[in-house]
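Let me begin by handing over the structure; questions about it come next.
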Amino acid sequence: MSIFGPLWLSVQLAFATTVILVLVGTPVAWWLSQTRTRWKPVVQAVVAMPIVLPPTVLGFYLLILLGPDGAIGSWWVQLTGSALTFSFTGLVIASCIYSLPFAVQPIQNAFESLPKHYLERAWTLGASRLDAFFSVAVPLSLRGFVSGIVLSFAHTLGEFGVVLMVGGNIPGETRVISIAIYDHVESLNYTAAHQMSLLLVGFAFAVLATMFVINRRWSER
Amino acid sequence: MIRLRHKLTKGDFTLDVDIEVPDVGITGVFGESGSGKTSLLRCIAGLEREQGLPVHKRNVGYVFQDPGLFPHLSVRGNIEYGERRATTHRVDGKLVVDMLGIGGMLDRKPASLSGGEAQRVAIAAALMRSPDLVLMDEPLASLDRKRRDELLPYFDRLHEELSVPVIYVSHDIEEISRLCDHLVLLDAGKVVASGRLVDVLSRVDMPVLSGRNAGVVIWASPVDHEDGLTKFDFGDGDIWAPGSFPMSGVPLRLRVAASDVSISRDQPTSTTILNILRASVEEVHAVDAATALVRMGVGNQSLLARVTNRSVQRLELKAGDRVFAQVKSVTVRH
Amino acid sequence: NVAVASNFSRAAAELAEQFEAETGLAVRLSIGSTGKLYAQILNGAPFDVFLAADTARPARLERSGHAVAGTRFTYATGSLVLWSRSARDCLAALTDDGAGHVALANPETAPYGKAAVEFLATAGYWESVSARAVYGENINQALQFAATGNAAIGIVARSQLTAPQLPAATCTWVVPAASSTGLEQQAVLLQRAADNANALRFFEFLGTDRARATIRRHGYELAR
Amino acid sequence: MSIFGPLWLSVQLAFATTVILVLVGTPVAWWLSQTRTRWKPVVQAVVAMPIVLPPTVLGFYLLILLGPDGAIGSWWVQLTGSALTFSFTGLVIASCIYSLPFAVQPIQNAFESLPKHYLERAWTLGASRLDAFFSVAVPLSLRGFVSGIVLSFAHTLGEFGVVLMVGGNIPGETRVISIAIYDHVESLNYTAAHQMSLLLVGFAFAVLATMFVINRRWSER
Amino acid sequence: MIRLRHKLTKGDFTLDVDIEVPDVGITGVFGESGSGKTSLLRCIAGLEREQGLPVHKRNVGYVFQDPGLFPHLSVRGNIEYGERRATTHRVDGKLVVDMLGIGGMLDRKPASLSGGEAQRVAIAAALMRSPDLVLMDEPLASLDRKRRDELLPYFDRLHEELSVPVIYVSHDIEEISRLCDHLVLLDAGKVVASGRLVDVLSRVDMPVLSGRNAGVVIWASPVDHEDGLTKFDFGDGDIWAPGSFPMSGVPLRLRVAASDVSISRDQPTSTTILNILRASVEEVHAVDAATALVRMGVGNQSLLARVTNRSVQRLELKAGDRVFAQVKSVTVRH
């Protein structure tokens, strides 16, 4: 088993998850930051729920939900003809659900601490709500995005409970590096585990440090 | 005319406005701190309650009381923000930048600007949007007088060259007198007076105006130049003012502050006061224990003089008296 | 404190109950995978008895001096079962490429996984199965894959079939003991309990007939 | 096995972890938000590292580190006479390490988006740096604290990889609810697993929703 | 004396100040937008570079250009913030609150205040700290004239009753003339003049002062009351000004703006101009094409008059001439 195969798979998974989470989490965060509904705390709590369950347990429920008999899984099978579970797509979906709060919370915070004034200025300068959102709210909330990206990226790299459950540890398809390391530890293959851990940590460190350097450049005002 | 009809309650404060203001020229909104000036502008811009057209479609240029530039954009980025989103482009960017003296800081970030510099950039940004209506909330409060004097003419041009109506909030009556054609007086959220500047200003009974703010505005055309001075003909007489103004036949506005006008029974001679006009007293209105406002007619024009009650007694001033109005200084708006 | 391999947890719970009823001594079960428990024991876990899922790790513990030498014995032997809730014929499903995933435990970490692969290889099914195999962390997950319908068939432990809430199977097929080896589960008395009379008592209790009956009832074979 | 025992243990663990993380994470976040060192991105990346490793693997390393032969563990044994691993204290330490990024990041973001002006005002009004920090920086960063608390609290409730490894699943001492649920799922005892999951989710939901309601009250300006 | 010695570079801008200002009374700092006024105050407060005493031990009360109240505290909380941390308590909170007219908004949050209201709260907060030195950065820029006139006397009392020295930044020379004893002129980060207000103001050669900002300050004691007016004796003559001022023998300051002074060769009669002083021309300084500043001596006092060049020619004004200075209005500082 190559040491890089699982890493590459992990990177793909973390990347896909992060991209989707930013795409999905941003509107959710924005809505939460702007809404005045009484239900806001409830929605916030719901968004935070995925991390409350132990990953394997969450994985178990997702296995049922995404499985061929599950609500989402059966619909997916009808749609595409193939099952969600034990596939990379399934992994991505599961990871997204699990890491959702890590993306939403920091982005929401950043949106909430954005002075309303800036949006109002943008509107009066001719920017539509959407335009103002992208040209003012997003760049001024960069810090929140970086946090959200870092947390969901790193967390997805490290997650293995959900991934193991939904993915089925299939080499080359759903055996990500976290599972591979886990397997090595379990089978008392400590040297290999150490090597892989080092690789994972080194890689993640490089990515995150780069991220933070960029963030710093950008937010230098 | 533009109909301004806005009702808004915020805590104890209620804004209740229903007036019409001209859709050309500059309308001044004058009132004390907390009288609701900013609230009114926000209503007009559509920022207070979301009804009617969305804000960005109203095409108003709003210069906020607090500049609050976008911190992530350079000064250039801030200025161009509105320009890029403008539907029409009637404003010459270079001109605006030069007028406001911000050419040297285009590549800086807003955080490094002084208070006045930031406000100038904010003004430029609002103008570059080529708006149909400009709302200005005390745009000059943080600027020194020199810069203020430099900018005021530009605001004029705004509606003259671009024929963009402006609603101009200020607590400086001199600024307003110099700029505006129409004046709205706000007090505690209510309009206490609204009308032509000339009319509102010459009322002696407006508490808010009867103090140091009193004064009138006269329309007059430049007819002669001499010694760096310009002679203005206002139909019923002449007034000299410093500066060279083109004799284009277009009448300009002269602000004569009540505190710059004194009254003499005899024709004064050998004085440095340039302008001495024959006038008849129309009304004497005691403002407080010491001072009074005297309204005089010079032909069809009104003049206000701020004098002491003692002088009123000594000179026995009363309506109908023929006197000489001595005008020490005049502010001209080009 | 007894460290129990997770596949034996239900049996162990019942044993503990019996033991408590008999002696009045409380038993605390710590359940985990054999690998995890092994690592924990090496790092000073407060366990007295280790009921592993294999023979290798108790042997290693004995060698490294973490376990009391000579106490190691096989307390149960597992056996493999093919289990499905959709296939008519379990064996046929193994060769039917279109039947869906085959769930088994990870052969690298779990003895049942290793045994399953051995069985598949020797019986000639491996070629067909390998492409559709999904691996659970342990034998329990393999069963969950099958039980939730995500895998068409699971190669699981017979001991699991006594689980209370398992959906009805459409077919089960017990893999003959000869086809799978290495499913012996050994117990050792750990070094820290060398002088612990209570621990010793529980350890001995495992060898009693009552205990053996219970173990058998949970689907394990027992060497005489 | 009572259903409430593990929950209570989890709550204690999550509570202790959250408190410690806020106490430890706040100075770290503050330092990160104020420092101008070039190494800041590196430190930030290091802080994010704990979530990159699979929990069990991190747990494994912590087990070695905190164990009686480990660097920290042996020191602890000398100090207190008892081992860190397989004890509640050990669990708390492990949880803190694992959830550190979830506490630090949101708090740091909040500190960074605090306009410098407010601190300067506080100083000129006679507040020492520390005083200004508590009377201005902290209340104005409440949102970040709430996020940090919510994420670390919820995450600790749900975490079981690290906890299982370092804690050893000892009933009444280190068997927290996440492990208990996991055990039930593992032993195919689904009814019990569902019940406990429901209990955990219900409890977490109540706590988080309350938290968000309070946050909302406070930040209503 | 307080030694102000600060050097600071920010981008292209350099502040380089090394002057002494009195440790009693109010020192005005006047300069254009971007001249470095705020930078100077920040240096004094210790906000620019961390050296010397930490900021909170300097016990300076800083009223920032932008109020920036603490959004998490009510108005009351904002005001009490400094008070609670004060080492001495020399300021009467109730008095401050009443003076600033913020009693009615104590329980509101800063976000709901108008621009001027927020600034008043910020002033109150800085004062309640009972500081040893007060730094004010254009504290009145966002206030209307009425409120400004109300507040100015209070700033006076600040150093009179509490003997707290104040450094007061403003771009409004009238404000400065009315308040300050000492004046520092800043231009592009350099001090171009620093000295007694009276001396700096009567210089006719300061470009920054020769425009509409010119004027002098005269110290004079109230000696008589009549008709709501007070008669001030300045040693070399009398001046009447509106208002009742206690005849305590303490000299007050009268600001006489150059634009309020005209010159006559003959003694004027029957005019509403109350104050006519015999004066001798000391210096005639052409400011621009149209206007000139004339410095006159009235006994030992200087007076500035802003007149047109044409008048200078017509009246043939030159140094040494005996003339009548007509003072239209006078601002008194209590």
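Quick notes
A, B, C, D and E are the chain letters, set down in written order, and residue numbers restart from 1 in every chain.
One rule holds in what follows: a contact is a pair of C-beta atoms (placed from the backbone, for glycine too) under 8 Å apart; a residue touches a chain by one contact, two chains touch by 3 or more.
The model shown is predicted, which means the values in this text are computed figures rather than measured ones.
Of all the chains, the one whose CA centre sits at the greatest distance from that of chain E is C.
In whole angstrom, the spacing between the mean C-alpha positions of chain C and chain E is 90.
Centre-to-centre separation between chain A and chain B, using Cα means, comes to 56 Å.
Chain A and chain E have Cα centroids lying 60 Å from one another. Chain contacts: chain E has residues 66 touching two or more partner chains. Contacts with at least two other chains are made by residues 56, 60, 185 of chain D.
Counting partners per residue, chain C has 36, 39, 144 as the residues that reach two or more other chains. In summary, the structure contains touching chain pairs A-B, A-C, A-D, B-E, C-D, D-E. Partner chain D is touched in their complex by these residues of chain C: 1, 3, 6, 9-10, 28-32, 36, 39-40, 43-47, 138, 140, 143-144, 147, 160, 163-166. Residues 45-47, 54-56, 58-62, 64, 66, 68, 70-72, 81-82, 85-87, 109-111, 125-126, 129 of chain E are the ones touching chain D in the complex.
In the complex of the two chains, the chain A residues touching chain B come out as 115, 117-118, 120-129, 131-132, 135-136, 139-140, 142, 221.
Note for the complex: chain B touches chain E at residues 10-11, 31-34, 38, 65-66, 108, 112, 114-117, 120, 138, 141-147, 149, 171-173, 208, 211-213, 226-229, 240, 242-244, 259-260, 262-266, 268-274, 288-291, 294, 305-313, 315, 317, 326, 328-329. Listing the residues of chain A that touch chain C in their complex gives 56, 60, 63-64, 67-69, 83, 85-86, 164-165, 168-170, 182-183, 185-188.
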